[in-house]
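Listed below are the structures to be examined.
You will see two complexes here that share chain A, one where it goes with chain B and one where it goes with chain C.
Up next is the complex of A and B:
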């Protein structure tokens, strides 16, 4: 008998037994390892996977093995379509598929399911993601702030300038910020010229980037005037937010 | 503390991240979600609900690998376990930014590709595909194609469209040529919306590289890329309409796409468009485009242009020159 007709038996967590071709089963690196290092005739237990999920997974493996071996006449685009339909399942199933693919080490299936979840997350705000996945928010306000603050320096819509947003009007506080700021900060001022003058005055002939606050907070800032502060430790651009409605 | 007061009162040490949420809204939502947490403790939640908050860390890292910072931050703020899982990726973002600064010499640092590469590689080690792609680009520019391809492969496997596109292109350009793999990755990137990948995929389909020649599909992808702003795709789409390749003849569509390509600086398109305008009798406009084509290096345009110039008065010629000098290409996604 050729090796292609070797069958492997798999028993799931709910005691269902599946008999599959070796070529299909060894798509799972875990099963492959167990098969090659254990007794080839015995049944392999896949404790963490239920019968329904394993059945779906085996469908996936079979499809991919057949298409790679040329047994099925299916173009890469068609396979891609098939995969896309494969993951159109309810969330329970998707979740179980991810965990199972991870546990059974089926790389292509894990990639596919992860990308599906990624697409469900992209472009959404945290609240929306929570709704999609039915996740409870267990952040306290402080913990959430800590996460936001942690990487405030790292990025910015202004193109890589670290920012510290200071909601402040008082002059003395502003000067304190200028001198105390150890790293970059950016200024957004409202459109009042008065504000800009007072900022410049404060900055003591060192200049600052002043950006106009746009109506829609998601549009990129518009540079009003470009001058830069050099306070010995590199550039500092002060970021101010004056009573802006968001 | 009431969030609202912070908007109007001063407290120098308070830093608020404003881009992401309204203080009122967030406050309200946090309050209500805390409420629901309390109330749900008494009632039992259905046991067969998948608990996405309990996804293992490495899976979450894999999922979020191709995210840009806004998406990463949003995912980090979903719940504590996600926030913890994604910390390494957030660090990768810092390194990515550092790398970009070194690469372009921004933000007070001089241009230094070595340091840029180091930063990108650190970011890549933490799992960010954006860093992987940027590191790959630097390797490629230096000629270290194998290292570049290895990084692109990692990024592509994690679903990064730019990584997939670059991987596809590198398979088309390095020995041993592997057209089938190239097409596979270009297809994935194209479906993901990557404009350059769409153009390259269209080229492969057009020439039958790595895949059966399919003119209809090729045109479909040319048009997608053209609508995404890719200039060469616009030119090719126009040609397809002119010769009826893969779709029916349409002089109108051909003219439309040729004009768009010409307006964005495509030399050959400017030549063709200039010719078309001449045949319609729009001498002044024709001259402008033909002059632009000449300046882009289309020598054939020169002859036609000179022939037409004879027919214009001196003032028209000057006007044409003025218009050409003031012409600016429209933005495109290259």
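Up next is the complex of A and C:
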């Protein structure tokens, strides 16, 4: 074993043992703390995480460590895509990942997984959120009306028939923007002419992909054609006519 | 097992805080468990601007953070010696400012004279809910109104739209007076600026730019500005009469110039 790659052993709740590089394992603040304060040679027990989940998490940590260290030739956009695919799992697995990221204190993974769930809530009516997560409505009719009145303004905003996701692909000047918001989601009504300025530094935009995401999140999104792109001082204006079926 | 039973409260709070104020309010209606998460201080603290403690009065600090948030949305606070008002935009929690007439610089030429007059307080009290006085400009031949704001006071990564908030006097006269104004917004790093010619006449104008605010005042869009992170610039905006052939201007009452985030429903960041 070379001195440059210290390995740490992790044992999961279902008694599986993983041997990983220290640099990967200490992405977890919990493991880092135990390693630095306990006996470095023995096995660290991660009681609340199963083998399958830990295996996924270690994939995530490895990818991010390698990308940051330059060991893997991956651009920020590709890493972003990889992360997006990483969270394309069923709900139970997603929740397990959140629990594990929380317990192992891996902040970037916690943010990624929680943002994924947040996206399943954004722009939705309460009934739709209940359907998505299989939640029982435990309000009485009167109580439900009272809460709806209290939050009436939040319902006035809904009315779109879908969300538009705009992802920006560009040349290498985008590397700073990856950490800032890259995708824009907006709820728009049918036949509405949408004018949007994208909020990021834009030097030489090569292309803009615009997708229409139907309200049912399992339906794949459809690429829209962008009618016109104007490059202004530091922003791009997109004009497109969004027509969809009611 | 449903989500509120599987995930601990701090994870649920993190999830809701990554949506938006409107989504948090809507999710309160899902179930009782969701409501207690959606009303959590941890969630609304994230929606408030980071410097909210220094802005609001200390008596409000004892309220729950959700109440503080909505208080800041619906009760504009006067700052800068009562010349500017500040509030939050309820859908996004971003900062909105209105510069009252005392925060703006105005120059006009009176009819039949060619000397610019400095701004004198011909002001009308009691007309505005927000400011003690508004500027009442009448029978002018040419006018320029200017304002500026430091971009570090604005919310980062936000598209701001700048509006002139005004009323026309004598709206019921048959012969409606109108003027063409050039409105422009620039910041001191951009060499050129956006100039927009708009007719200030709510009865015959491009409906795209002039609207009734619903509080007794009209507003006309002057321009837009993208405020990025970490910028430290001065944004200047001005209204200038460009059509000097028309000197039958009846007069305009200006409440102020407002900056607020661009109003696209549910424009949210997918990845922050």
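Throughout what follows, the second predicted complex is superposed on the first by the 135 of 246 C-alpha atoms of A that agree within 3 Å, B and C clash if a C-alpha of one lies under 4 Å from a C-alpha of the other, contacts with A are read in each partner's own complex, and residues count from 1 in each chain.
Criterion: contacts are C-beta pairs under 8 Å (C-beta built on N, C-alpha and C of every residue); 3 or more make two chains touch, one makes a residue touch a chain.
Nothing here was measured: the structure is a model prediction, and the numbers come from that model.
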For A:124, using the defined touch cut-off, is the partner it touches chain B, chain C, both, or neither? Pick first, second, both or neither. both
For A:110, decide between first (touching chain B), second (touching chain C), both and neither. both
Is A:149 touching the first partner chain B, the second partner chain C, both, or neither of them? first
Is A:95 in contact with chain B, with chain C, with both, or with neither (first, second, both, neither)? both
Give one of first, second, both or neither to describe whether A:77 is in contact with chain B, with chain C, with both, or with none. first
Per the contact definition in the header, classify A:133: touching chain B only (first), chain C only (second), both, or neither. both
When the two structures are overlaid on chain A, which partner does A:6 contact: first (chain B), second (chain C), both, or neither? neither
Just to be sure I read the superposition right, which of the two partners does A:141 touch: chain B = first, chain C = second, or both, or neither? first
Shared contact residues on chain A for chain B and chain C? 80, 91, 95, 98-99, 102, 110-111, 114-115, 117-118, 121-126, 129-130, 133-139, 144, 147-148, 150-151, 153-155, 157, 159-160, 165, 184, 234-235
What does chain B use to touch chain A in their complex? 6-8, 10, 12, 14-22, 27, 29-30, 33, 36-37, 40, 48-53, 55-56, 58-59, 62-64, 66-67, 69, 71, 73-80, 82-83, 90, 93-94, 97, 100-101, 106-108, 157-159, 183-184, 187-188, 191, 211
For the complex, give me every residue of chain A touching chain C. 80, 91, 95, 98-99, 102, 110-111, 114-115, 117-119, 121-126, 129-130, 133-139, 144, 147-148, 150-151, 153-155, 157-160, 163, 165, 180-188, 194, 196-197, 199, 201, 233-235
Going by the contact rule set out above, which residues of chain C touch chain A in the complex? 2-4, 6-8, 10-11, 14-16, 18-23, 25-35, 90-91, 157-159, 190, 224, 226, 228-229, 262, 264-272
Taking the complex as given, what residues does chain A use to touch chain B? 76-77, 80, 91-92, 94-96, 98-99, 102, 107, 110-111, 114-115, 117-118, 121-127, 129-130, 133-139, 141, 143-145, 147-155, 157, 159-161, 164-170, 173, 176-177, 184, 217-218, 234-235, 241, 243-244, 246
